[in-house]
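To start, the structure itself, in structure tokens.
Letters are used for the chains, namely A, B, C and D, taken in the order the chains are written, and counting of residues starts over at 1 for each.
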Amino acid sequence: MIKVTVWNEYTGQDHPEVVSANPGGIHAVLASFLGEETDFKVRTAILEEPQCGLTDEVLENTDVLLWWGHSAHHMVPDEIVEKVVKAVQKGMGLIALHSSHLAKPFVRLMGTTCTLKWRDGDYEKLWTVAPYHPIAEGVPECIDLESEEMYGERFDIPEPDELIFLGWFSGGELFRSGCVWNRGYGKVFYFQPGHETNRSYSNEHIQKIIINAVRFVAPTIKRNKISCPNPQPAMKTEKIKV
Amino acid sequence: MIKVTVWNEYTGQDHPEVVSANPGGIHAVLASFLGEETDFKVRTAILEEPQCGLTDEVLENTDVLLWWGHSAHHMVPDEIVEKVVKAVQKGMGLIALHSSHLAKPFVRLMGTTCTLKWRDGDYEKLWTVAPYHPIAEGVPECIDLESEEMYGERFDIPEPDELIFLGWFSGGELFRSGCVWNRGYGKVFYFQPGHETNRSYSNEHIQKIIINAVRFVAPTIKRNKISCPNPQPAMKTEKIKV
Amino acid sequence: MIKVTVWNEYTGQDHPEVVSANPGGIHAVLASFLGEETDFKVRTAILEEPQCGLTDEVLENTDVLLWWGHSAHHMVPDEIVEKVVKAVQKGMGLIALHSSHLAKPFVRLMGTTCTLKWRDGDYEKLWTVAPYHPIAEGVPECIDLESEEMYGERFDIPEPDELIFLGWFSGGELFRSGCVWNRGYGKVFYFQPGHETNRSYSNEHIQKIIINAVRFVAPTIKRNKISCPNPQPAMKTEKIKV
Amino acid sequence: MIKVTVWNEYTGQDHPEVVSANPGGIHAVLASFLGEETDFKVRTAILEEPQCGLTDEVLENTDVLLWWGHSAHHMVPDEIVEKVVKAVQKGMGLIALHSSHLAKPFVRLMGTTCTLKWRDGDYEKLWTVAPYHPIAEGVPECIDLESEEMYGERFDIPEPDELIFLGWFSGGELFRSGCVWNRGYGKVFYFQPGHETNRSYSNEHIQKIIINAVRFVAPTIKRNKISCPNPQPAMKTEKIKV
């Protein structure tokens, strides 16, 4: 079983178009389709819970953390951020969704500013550039999203270890929409679709990508402690005199 | 001085729109603006010359080879292709332009099929994703090309060592338009604009990119011979008995 | 089931130390431990069989091809090499073992010379640098090989997409011993241990790595045909007049 | 002119072997040979100066910052660290030397723990794996360092954008000793040699590498502000009705 925790800041519920796009909140929509996978055990966590719902017990029992945040990035305490970062470095997978490009744990793991261009309401065509990648398994070469927030380059990220999806936007921009990085023993996947007033998480292909990504970033092993060991030499060597 | 050779298959001169887009041939247009750089020494070579204009003497005296081919890829003899490939592996820079994605030397150096999607006459917006890269120096974040051949993903190339430009096309596709790879001691830059009936090589920004690329792929050193040496050990080592 | 074909040039059987190190040939030793995995269906092929044992039927029914060659690289016909290369580009995984760094299919897929330094009979310590990688699952951080052929840098390969193992040699050299590249829809893993007079393929950890690698390079999908499609536009776009 | 600032924590001066290995401090030794390059303008800064010697004025007038720290990482205030990180993200080059693998600015830019193995007093052979790289220009394929601190894998860093040097150690370990990453508009080079009781910075080849690195990480452009712009669309697009 892959233990999955879906985190959402869960704000904006006073906007009807936010509520209607993702009834019950984005975490509920994500947990709903993820929960249908028989090898996933899914729970959710939100900002207003104690410790943002991310207690030590929760993090220790999470293989893959999905993160959706936007207007409340600054409300996540640095102490929680450090725990999430350490959990990734020890092996927990992280999937940063849409506006989580500026979520504190993602920015900390990248080491860059993660800034980009944006504009509401473009038509997006999401292209697969690495069709052989496990995250693209069963995904069509192009997914049409009739309305999405445009995210455009220059996206200030480290060169991805693997670039899997590129987004084309009707207003003239494009974006590295699906990227993978290793950080310590953990894998990080950033995925661009998912604006709070759009219905991308109801798209079957977007769901397939997120399901694939959970399996891909799930750890094979976790590291227990972080230290700099000082071993004895195993070999005795000297320079050959010529 | 960087010794530059511009190679062009130089076909299609019976089509007036080819002739008018690049008067004198694409090699002449490229050599003209490259020749204005005081640190470049530029010559041209074309398919119909003996040995395609790429004699041992020419290759030995070339730091950077630009290549433009399209309908006559198959007419370049394999023997010449091998010489070009070896020259790159020893340090010569190669800039493969536009439809040279299927030129034999480029395909040999990539190890993939280098296939892609295509369609004539789209509007292209060429975006810089690595603005800090020497090839992007002095280049705007977006270059508008009013008419270019659409090249679309999936572009079957090895993961680029560096991805510098992405192309957005009006019909809905996008493309990894500017990519760098190391092959042996040589650097390879693939650059998408430059269809034979369009005037992209007259665009000042496209010219700037190609000029920058010549300097970037010019070798710092060249390898003289290709061999597998069998050295004596430098160290005497044994396992420490525990 | 993953359909595995183990290819070996199977030469040197007139040398007793070759025969005793890998009784029945390296292909037999590899097939023996691979055959114990219940999700693998393993067959072997050798140079002296018709078409090197690599008929169209065999290649079409191979998910992962292991390749061991050394003194007979030149005896593999180019026609067979091209078929192997195309099969990889369409999705077949390739594991190139030890002296197969100069095997024609590997060199064709890399696009470099794949030269290196070598010397018989060093002590090797094989270090894991990507312990989180599926190929390193269950593998100790360091494997001691009491006698192996030293392979040393500069190894003339393209920058690996993933570097998993580094080899330390008692005479003073080191080597990028375990590397992964994507080529088309296929994954390629190069793995250094396995000299014909040494017993590395009897080491349980080396076996574990090769078993892991088979699962890792096995394709999720295969590409049927290689072509450059010419699609109709999906979008109608014009520049906004300002 | 490349404006170079050499930062050193400058501790341990009560240990005679530290003083004698690098008279005047490591910053003085580095500044001395860097100062001989006619295109470099070099200054130094140390921990005990106000604001660690890294005032806004100094950082704004620094193209390349060299950093050497070890036992006093924790004494660099987080506010200074953030300024250094931001300066790199805007384009300043950073060269992190030896035990600066745990310096706060380096760790922040990597997003990993940067832990490793260590042991005093090994013999090191430093091998060039990317001889074509500008940082390796004029550098021999192997540099012998008769006494250096062993740094060993697993080095917990993100996959380097370019791996240039590997270190072999007499006790049986090896290390990714020279690595480059892009972070925002800035380049980061980590370089392993330089223990405080050894004389590696007096080695002419080590000096050559550091001089080359300064030129390589010097910015071509700097980014002025860090923001997420909200541009108007440039194109008007609609889906083609079929």
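Everything that follows uses one rule, which is that a contact is a pair of C-beta atoms (placed from the backbone, for glycine too) under 8 Å apart; a residue touches a chain by one contact, two chains touch by 3 or more.
Here the structure is a predicted model, which is why all the values come from computation and not from measurement.
Common neighbours of chain C and chain D, listed by label, are A, B. Comparing the CA-atom centres of all chains against that of chain C, the greatest distance is found for D.
In this structure, the chain pairs A-D and A-B differ in their number of contacting C-beta pairs, and the larger number is found at A-D.
Inter-chain spacing, taken between the CA centroids of chain A and chain C, is 32 Å. Taking the mean of the C-alpha atoms as each chain's centre, chain A and chain D sit 29 Å apart. The centroid of the Cα atoms in chain A and the matching centroid in chain B are 35 Å apart. Those residues of chain D in touch with two or more other chains are numbered 123, 125, 131, 142, 152, 159, 161-162, 170, 172-173, 182, 184, 232-235, 237-239.
Taken together, the chain B residues at the contact with chain A in this complex read 125, 127-129, 131, 141-142, 152-155, 159, 162-163, 166, 168, 172-174, 176, 232-240. Interface residues of chain D facing chain A in the complex, by the touch rule stated above, are 85, 89, 102, 108-113, 115-119, 122-123, 144, 150, 152, 156, 158-159, 161, 170-173, 181-184, 226-235, 237-239.
By the touch rule above, chain D contacts chain B in their complex via residues 91, 123, 125, 130-134, 137, 142, 161-162, 170, 182, 184-187, 219-221, 223, 234-235, 237.
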